[in-house]
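Here come two complexes built around chain A, the first alongside chain B, the second alongside chain C.
== the complex of A and B ==
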């Protein structure tokens, strides 16, 4: 009984770590630009595919290919923001929804044309490796992803607080007009932020690639979860993605173990609904409400 | 001078009109066959297999002079794995494209939506990728399936356990909560009871489930001898990944669908070994017919064309196309088809028995193929082997499942 409960919590925390890893970029982009990026899942997909192709053609381990995914996604995000999304910044929110939804469809469909709709999987010598501690099972790939989530949150926090560019990003997020008056190149800051968000999302896609099924159309379900995680943790509050991810992961895991798997999916949306009605600023009360 | 130019223009226009006229006449002479099939979305991969099967059938038929002298022209539309879109596209094929005939796409939910449209317009609709029992319980006359019913299709996967020692005593059944897979789970349950295997866990889950680990951990804690999964390809791949991650090694694991799709073994590699899957056809079966020759010939042709072995659903889809072709040849019909002709085709499909590379096809009054025995295959050394029924078995079943830690 005790073991089952402990195992459920561990599963939930590891699942939450995965959620947090791929939601951090979503939170960053929303927090700075106010853009709900509906093409977020496609960034995860591109990160996972970067690892998949490097593994398939060069036998490069997914963890070693993660930096490539980050660089590729940073450049991709930077260009997409600078030449596409910048056009709707400052316009009504609906414009960014339409634009990013269009991007989601476009990227997914181009990926289908290029790579077909096959489901793909990376199987390495350590795939599925797990440790048994006191009778509890710990899948190692998920543990690594959990640690990546912690690291990403910490590095991002450090970057935003302690570096010149980070301060410029925070200044832009707080008041872009004043930031502009202080000499901040807003458009460039937006492009860097989106690039950064895309890079950490690509990193998550890459580190998740050993244990998820990769396909061009995988993105949407991740976007939905990322949205729930970020609402739960507080929109735009960076550590919120970690807290939101962990809470959602544990809630889903408890529901799957003690109720059933169907409820574990439904509970995501029940929590989302309750949060939006009762506490739109997130569990920690530090999110922004547009 | 002006008159000469005018005459030249007239001649050119006349030639153009005639060319268009001939082209139209040539188009009318072809069999226009429409297929609404999932090429994107969750069944995109499965649907593209069905498309490959029909494409090979079309190429084979056309290379032999077509059907009754008329070539086959296929029109594919992507239903994006959405049943409502399947119904809409089926109507579009009939009303706008004015196709002569239809062929079915993939997925019970999709065919469940498409078949009422075919019934309404009196178009025979043969599918090789849908087998839910509910498809056959509506009293439809125009819907046919070359697969057996979903609950029967999985029988081989359970019956095979009567051949192993020690015989499993308990089973856990899980599956995606959609039409085909939930019925496959019912089939697993039915044949577990018939074989004296106690079902200690039964759970359906939504396709959107991301976390298979928690669900399977719960199942693992109940220590079932075998795990039976109502699945499509994606569910099957996710299940294997999760089983390995949580170190869950029952004595056997069997899936209703997925492992027979070549991608399953290609990407999961050695992790796919020992997996059992339901099937209705393998290339070693002693079947033969007119269009493709023997089952093994069809297999070779497939490898030559697509550089891979066909899945049984592809064989079933091509088998359906062959049955329809044989009826057209028997009735001596030519395109375009009238409503009366389509009624005759429907009646002939109910009445005739077909000997094909896919085996015997005999549609019952409800449209299900009654002549097909269920098959179980197992992945051994990263290769699909027919393990049941025993008279067609290529290899002996490997039992029990080798624990993950020992691989």
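== the complex of A and C ==
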């Protein structure tokens, strides 16, 4: 009885850690530019595929290929922001949703064309490995992803608070006109921000690749979860993604154990809806409200 | 100048609708009649979205929920309670509208991305609830993923043509009313500057709610018609987010907050998907993605919106 409950909570926390890992980039991009990136899941997909191909051709461990995924997605994000999304900044919100939705369609379907719709997975020696403590199972790959989420949040926070570029990003987020007057190159900062968001999202896709199913169509459902996580934690507030992820993970895990798996999805959206209506600033009350 | 164009378009609109009413008598090919019905169907649905989001600037990302509610109400009314189609159709509209009223009161306070996400979350939640309700409470009401089979209508395509045409006509009439009434000016004022509108004495909450509820009412009707037409519905079909996306893209291509925007956008996209979709199945979605990106970048106001700005027209 207690074992089931404890196991449910552990599963929830680890699931939440995974959620947090891939939602931080979404929150960063929204916080700085106000862009709701509907192609977010495609960034995860590209990260996972980078690891998959490096594993398939060079037998490179996903944890070692993670830096390649980061660099590749940083460049990808930088270019996409610089040449495409930058053109709609300052226009009504809807433009950025539709534009990124168009990107989602293009990236996902080009990927299908190139790599087919097959489901793929990376099987490493530690893919199914569990640590057993007091009769509880802890899947190691998820634990590592959780660690990565913590590390990413911390490094990103440090970067935003302590470095020159980080300060410029924060200044741009607060008031882009004043930042421009202070000599910040807004377009470049936006491109760097999107690149950073894409890089940490690609990293998460890469470290998740040992235990998720990889396919070109995987993106949309991750985008939806990232939405929920970021709203729960407070949009645009970095550590919020961690809190939102953990809350959502535990809630889903409890619902799946004590009700059924389908209900847990329903509960996700009900929580999201109620949260928005009652407290759009998120659980911690630190999110930005448009 | 403006006044004249205004009249010309109204007369053309009434004339075309009247001419369309006789269409099934002349069109021999069942395929063509079906295609025309589908185009009119999508004009109406895109119009419903335009009515709310196009004019007020509140981006509704879950309009499909009212479409789905319409489908399920008609299905349940007909199969479980044996109510004939037309009364059930009316009930669908009323229930969709009532749900929109209850949901609209808390949701319409949200702004920007938050409104969009809340409406999206509501639509997905409803889909999951219809999917899981029966299994969770061990009843047989929505019939979950098994779906509901409606009584086979036995009607031919022209019957559905005559169901869709009047509803789309009403939607377009509502657009005309929005363009020429204080209510509509209120909606446009909300889009431009909501606080200023409120200070100037526009009852913004009532206006938004009015637009939201009427859009939901019509969507309910369309959902009900489609359910009776297809005769088999499942939650993943009728609450499919692709429908929302299609409404948004059609309106955006045509021009948000314009009278002719949904007409042009829906016709264009339906015909494109009919011709390209069949011939280039594999590249179709890539092309649609490309069209969306190019349209947003070079023509953010849509076809009609750009024309309106260039020619300085007030109403089309």
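We take it that the second predicted complex is superposed on the first by the 290 of 290 C-alpha atoms of A that agree within 3 Å, B and C clash if a C-alpha of one lies under 4 Å from a C-alpha of the other, contacts with A are read in each partner's own complex, and residues count from 1 in each chain.
What we mean here is this: a contact is a pair of C-beta atoms (placed from the backbone, for glycine too) under 8 Å apart; a residue touches a chain by one contact, two chains touch by 3 or more.
These numbers come from a predicted model, not from an experiment.
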Combined model on chain A where chain B meets chain C, clash or fit: fit
Which superposed partner A:105 touches (first chain B, second chain C, both, neither): second
First, second, both or neither for A:174, with chain B first and chain C second: neither
Which superposed partner A:141 touches (first chain B, second chain C, both, neither): first
Which of chain B and chain C A:93 touches, first, second, both or neither: second
Partner chain(s) touched by A:163 [first = chain B, second = chain C, both, neither]: neither
Partner chain(s) touched by A:265 [first = chain B, second = chain C, both, neither]: both
First (chain B), second (chain C), both or neither touched by A:280: second
Minimum C-alpha separation between chain B and chain C after superposing on chain A, in Å: 5
Shared chain A contacts, counted only where both chain B and chain C touch the same residue: 109, 260, 262, 265
In the complex, chain C residues that touch chain A: 53, 57, 59, 61, 106-107, 109-114, 116-118, 120-122, 124-125, 128-129, 131-132, 135-136, 245, 248-249, 252, 256, 282-283, 285-286, 288-293, 296-297, 300
Chain A residues within the chain B interface of the complex: 4, 7-8, 11-12, 14-15, 109, 112, 116-123, 127-128, 130, 132, 137, 139, 141-142, 211-213, 215, 217, 221, 225, 249, 252-253, 256-257, 260-262, 264-265
Contacting residues of chain B [partner chain A, same complex]: 39-42, 44-45, 48, 177, 203-206, 208-211, 213-215, 217-218, 221, 233-234, 237-238, 241, 244-247, 263, 267-271, 404
Chain A - residues contacting chain C, complex: 30, 34, 36, 84, 87-88, 91-95, 97-99, 101-106, 108-110, 113, 224, 227-228, 231, 235, 259-260, 262-263, 265-266, 269-270, 272-273, 276-277, 280, 289-290
